[in-house]
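Input: a single structure, listed below in structure tokens.
We just call them A, B, C and D in the order they show up, numbering each chain from 1.
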Amino acid sequence: MKIIGLIITIITGAFLVYAAIDFPAWSDPNSPASTYLSPYFIENSMKDTSVPNYVTSLLADYRGFDTMFETTVIFTAGLVCFILLRISGGKEPETSHYRHVLTGVTVTLKKGHKIPESEDFERIDDLWTPPDLIIKTSCRLMIPFIQLFGLYVIAHGHSSPGGGFQGGVILGASIILLAISHDLRTALEKMREKVVAILCPIGVSIYAGTGTLCLLLGVNFLDYSALASVLHVDPIAARSHGIFMVEIGVGIAVMTTMIWIYNNISSAGKYNQGL
Amino acid sequence: METITSIKPLLAVLVSLLVTPMLVSSRNPNVREGWTFVAAIIKLAIVASMVPAILQGTEIVYTVAEVFPGVAIKFKVDAFGMLFALVSSSLWIVTTIYSIGYMRGLNEHSQTRYFCFFAIALSATVGVAFSANLFTLYLFYEMLSFATYPLVAHHQDREARSSGRKYLLYIVGASIGLVLPAMMICYNLTGTLEFSKQGIFTGTEPNATMLVLLLMLVLGFAKAGIMPFHSWLPAAMVAPTPVSALLHAVAVVKVGAFSVLRVLTGVFGIDLLARLNLGTVICYIAAFTVITASLIALSQDGLKRRLAFSTIGQLSYIVLGVALLSPKGMIGGMTHIAMHAFGKITLFFCAGAIFVATGKKNISEMVGIGRRMPITMVAFFIGSLSVIGLPPTGGFFSKWYLVQGTIQADQWPMLVVLLSSSLLNAAYFFPIVYKAFFCTPEEAMFENRIEEAPIWCVVPLVVTAAGSIALFFYPTLFLKLAELATR
Amino acid sequence: MSQQYPAILVIVPLLSAFAISIAGWVNKRLCFPIIVTALSVVVYASIGLLLTVLEKGVVIYHLGGWPPPVGIAYYVDHLNGLVLVVVASVALLNVIAAKKSIEQEFPDKAAPFYTLYILMVTGLLGIVVTGDAFNLYVLLEIAALTGYGLLAMGEERAQLSSLNYLYMGTIGACFYLLGVGYLYIVTGSLNMMDIARLLPPLYQSKAVLAAFIICMVGVWLKMAFFPLHSWLPNAYTHATSAASSLIAPLVTKVMVYVMIRLILTIFTPEFAFATMALNNVVVWLAVIAIVMGAILALAERNLKKMLTFIIVAEVGYMVGGAWLGNRAGMTGAILHIVNDALMTLCVFLVVGNIVYKVKGYAFEDLQGLFRKMPFTMGAFVVGAMSIIGVPPTCGFFSKWYLILGALQAGHYGFVAALIFSSLVSVVLFFRIFEICYYEPFSDHHGHDHPPEPMDEAPLLMVVPLLIVAVILILVGLYTGDIVNHIIKFAIPEGLV
Amino acid sequence: MSELIPTIIAKYNYWIYITLMMIGLYAMIAKNNLVKKIVGMNIFQTAIILYYVSIGVKKGATIPISTGGHGAAHEAVHAADYLNPLPHVLMLTAIVVGVATLGVALALCLRIYSRYNTLEEDEILAQIRKK
């Protein structure tokens, strides 16, 4: 297999090298890619959509349709991980561990036994490490700022690098950080599985719904200029707002998918304990 | 030639196909067989209603759908097709009666399936008869192949399985492997597949490809049993006897012969064959089959197997007659379809009746059977006369025309073949009859007590035997149709 | 409304996917009605779209209101109009037929399954309808990701097979993406029509050649064209029946569509067939694909796996037909997309029914099925006849065009391969029929056989199956109309 | 020779991407461990991303965000001043797809691991064959 792999690799590589001879040199401003379409986007983005970040206007408006499916890809990935891994019905683990908060004594219970509800005991993972005060505290401090920054990135995608994807990932990371620094159960308390699973399609639906709204208002799908009549602004500003609505949807979808995938993969679908 | 457009041919084809849901859904066997009867009679009525028009020299045409440029699923009723349709649809009625007797007599399983596929097979047969082009013919030919498979394999045991395999291998293998590509090449060369007197190759220069195409088409229709594609036929004799009777003496094999004849007259055209001298090639192949099959038949002990080899030989008569390319020969070949059908079906019915009544399958076990089943054995005698070609049976006429055809075509070797084969036919049939009636009491294997098969079995074989004789006295209809077809 | 059909075609299933996903957490019983409604709308829209195309010619839809090449455009002509109808109807029929087995196999995960299902349909429809080379890639990935998920939810080996599919599929999609990148670097455009307009002066460029080959290899990987087929049999075999009866009929066929679209629209036949002398090589590869597919199928003792090898052979039909480089061959390939989708659906639905009742699909499990499940087996016979190529089932007619194209191109190897594969199919299917028909053998010659009770699959599974079987015959009878009114216009006039 | 070296240097981005891509491809074909294959797959995808992004580069241009901010709607914009934004947009999609594929692949690996207790392909196949 290795030799076959090597031969295939070398042949493919040689073929690609052969083809690359005809390519324009690197950073050539006169290459077709730089002269044919891209000037239109650069020169008209502000006029058409009043979004200074050309990547954003291109992403969410000119090629907004691609991006909608991109978001759908994310949603799909989350769903596939869920459907593959989630063990529903939650088989009870063989043993569960509880820790007496005051004394630090760990109690191991066999299947079927339960500990009476009380403030003194907390459930812990199989591989339990003593809580690190520094990590827990600093994470708890950082998470709000991370989330704030995520929101900023989403909101500011119009005029600086950023947007729904980046912001969504940051927001998702904040929850994942919580799961890592504390444990999965804590994170799940903050954001339950059902919430994640419902928010995710809702996020994508916001995107697709915005497009459908345009369609219902009598123009083509995703033609945000139609929103002008709803938002009472001029069509160009409407496009800008439309892009923003869409970015919010993307942000929600990406955030929840990140959490969803993490939850499923880290607990192998059992949702009882994470990494 | 005048043509009329009418939906009748399509109806004639569909009537037995449409009756299958009724057959499946009827719980009561009497109701089921009633439906079969109704369909058979309607079918014969439709076919017969077209006869006057055909006799006046018109053709009835109906196009179902054009599937390729220049090729449609299209029906055309001409004299030759009518001849064949008439034979098969009239014999269906008789066979239905016989089937009821046979299947109930033996208490066979899966009778509903049997009657269904029987009906489908009949649809396909009439479809072949009324095809206007090679494509439609191929369509129904394949339909027939697959519809008869469950009939051949009716017993669902190991023997049936191996026979069914052989049957499919030969029939479907040849049609997909030879006919389909040949048909495609024809279409690619000429852009049409429509049967016509001049053939489809009018615009193309004759070349060696044609010989190959001819051989592919003639041998590819393996149902005609031309050697070396014949050995499915004896194998298929494991089927219940009515199946062997109608399908393997009448419908299936005749469909093969009919298709070969269509290829010779409709696709290539007599003129082209004569010009390229291709008829002789076919003649010799057919002649070889005639003699070889008759010789093999002599050595068979199983009655149905002997009949099967006889059929192989007789089929090649039909092909031989047309391949002579002389008008008389063609009339002989075409009428032989009808004459042989009546004769052979009688023989099969007799074989089945013997099996129902006594359980015997081998000729060596039938010594003295004439005393037990006199009616059956008389019918057998008449049937064998017809197949041999002796008066007073219809078979005489077809043989007569065939012989005249060889003289007309100056094919003396073929005359020798025909005559010697008739002798061989006599040699393998007469001993059976002789032993059945004229044996010493010591040899007789049966008590001297008349015990015929059930009435449902006996009536049909009497009817067909009578038909054979009637055709001697009133052969006009078939002769007229054959004459029209050769004109 | 009718001018919005192209958008509806994709949006309705997409939105309903989210609705189903949410409904799964709220009220599970809503999922099935939603998916059936959505797919019915899709079927309606696709038929409406096809009729519009037939009446008025090509339909172009600007997404976001941006005219191409700035924005993404949907481009519906006779070719994809036809394929859209097929994809939509296959998806609808299959979901109805699969309901029972989905409920049986994953009682608690039906909602995500339906969601993935309809997302996959969305992806496939999007691939077919789009006129943008990059948009096609995105949708390709949606169809692929959902496919991995659906296929992985099967028996024990399904995950490994699906992972292998994921590797191969990702390479395939990446190759396609790279090919689009090559086109982009030489033309600066992503719109298919625009690329086609810009390409002719560049036909001599090595980059265009490379783009073409890379795209082709990518697409071949995705459609399991020999020798890149190794992932397909296992992936399809071990999946659940509901998933495999969606994926097997559609994915390879849609990829063949993509290949034809690349040849006909983006690169134009002049380039694909004239500038490069690749035809012959590819057709010979197709010949090997057909022969190998047939032989490998012969070696199987397992119904579902046997069918997957037949798919490999069928892919060979279509690729070979398309690469014959003439009108008849291309007609055959396009027609075979339609026919093969339908007949594969038919046989896989049969497998679904058998699995539902018998819980197995090895040859030994099939004994006595003709008596037990007569309707299912009746449909199976029709499907098998179609795969063998017996008129009047539709499989014969596409085979006819393929053979005709091969004859016109003088490629007798391909003719021989087609005939060979038909003959092998006869053996393949009659071997199964024999098992279903004869076995278990009884000792007393079948007489007085105590009839086994009929044990047919539920009506909801049988009716769609019978509809498919009827469609197989109807499509065959109406081949003339399909070719004359639709496919004729799908092929550029330059191709003779 | 004197022409060859400048050509090679002028197009070095392509050589890098091809090298990376081939590393990925080789890993996918030749590696036995399923996760290593996934790593190879990611390298493979990243190489394509690199290729696309490198198309977007223009000499003397800056990132494709209007320097004028929101108020600059009516100022003339020179396309030569900004990088080509299209490849970036496309690659955002490709990255997302890559992440999604990775997630699915890992999920599959997890399932496989929990069943066979190994991720070496030959060991898994041996286990399957044993059954």
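The working rule: a residue touches a chain if its C-beta (ideal position, glycine included) is under 8 Å from a C-beta of that chain, and two chains touch if they have at least 3 such contacts.
The structure displayed is predicted, hence computed values, not measured ones.
Chemist: Return the chain whose centre of C-alpha atoms lies at maximal distance from the corresponding centre of subunit D.
Modeler: B
Chemist: Can you name the chain whose C-alpha mean lies closest to the mean of all the C-alpha atoms?
Modeler: The chain sitting closest to the overall C-alpha centre is C.
Chemist: Using the stated contact rule, I'd like to know whether A-C or C-D comes out ahead in C-beta pair count.
Modeler: Between the chain pairs A-C and C-D, A-C carries more contacts.
Chemist: With centres defined as the mean C-alpha position, give me the subunit B-subunit D separation in Å.
Modeler: Whole-Å distance between the two chain centres: 70.
Chemist: When the C-alpha atoms of subunit A and subunit B are each averaged to a single point, how far apart are the two points in Å?
Modeler: Centre separation, subunit A to subunit B: 74 Å.
Chemist: State, to the nearest whole Å, the distance from the C-alpha centre of subunit A to the C-alpha centre of subunit C.
Modeler: Each chain's C-alpha centroid was found; their separation is 32 Å.
Chemist: Need the CA-centroid distance for the pair subunit C / subunit D, whole Å please.
Modeler: Taking the average C-alpha coordinate of subunit C and of subunit D, the gap between them is 29 Å.
Chemist: Quick check on subunit C: which residues sit in contact with 2+ other chains?
Modeler: 134, 138, 141, 145, 148-149, 152, 159, 184-185, 190
Chemist: Hey, what residues on subunit A touch two or more of the other chains?
Modeler: In subunit A, the residues touching two or more other chains are 16, 20-21, 23, 31, 33-34, 37-38, 41, 63, 66, 70, 73, 76-77, 80, 84.
Chemist: Which subunit B residues reach two or more other chains?
Modeler: none
Chemist: Okay, what are all the chain pairs that touch?
Modeler: Here the touching chain pairs work out to A-C, A-D, B-C, C-D.
Chemist: Using the touch definition up top, name the residues of subunit C that touch subunit D in the complex.
Modeler: So the residues of subunit C touching subunit D come out as 134, 137-138, 141, 145, 148-149, 152, 156-157, 159-160, 162-163, 166-167, 170-171, 173-174, 177-178, 181, 184-185, 190.
Chemist: For the complex, give me every residue of subunit B touching subunit C.
Modeler: So the residues of subunit B in touch with subunit C come to 64-69, 72-73, 106-110, 135, 138-139, 142-143, 146, 150, 153-158, 160-161, 164-165, 168, 172-173, 176-177, 180-181, 184-185, 187-188.
Chemist: Taking the touch rule as given, give the residues of subunit A at its contact with subunit D in the complex, in rising order.
Modeler: 1-2, 4-6, 8-10, 12-13, 16-17, 20-21, 23, 25-29, 31, 33-34, 37-39, 41-43, 45-47, 50, 52-55, 58-59, 63, 66-67, 70, 73-74, 76-78, 80-81, 84-85, 158-161, 165, 261, 264-265, 268-269
Chemist: List the residues on subunit D that touch subunit A in their complex, please.
Modeler: 7, 10-15, 18-19, 21-22, 25-26, 29-30, 54-61, 63-66, 68-70, 72-73, 77, 79-82, 84-90, 92-93, 96-97, 99-101, 103-104, 106-108, 110-111, 114
Chemist: Note which residues of subunit C are touching subunit A in the complex, please.
Modeler: The contact residues of subunit C facing subunit A are 4, 7, 11, 14-15, 17-19, 21-22, 24-25, 61-66, 69-72, 108-109, 112-113, 115-116, 119, 122, 126, 132, 134-135, 138-139, 141-142, 145-146, 148-149, 152-153, 159, 182, 184-190, 198, 205-207, 209-211, 213.
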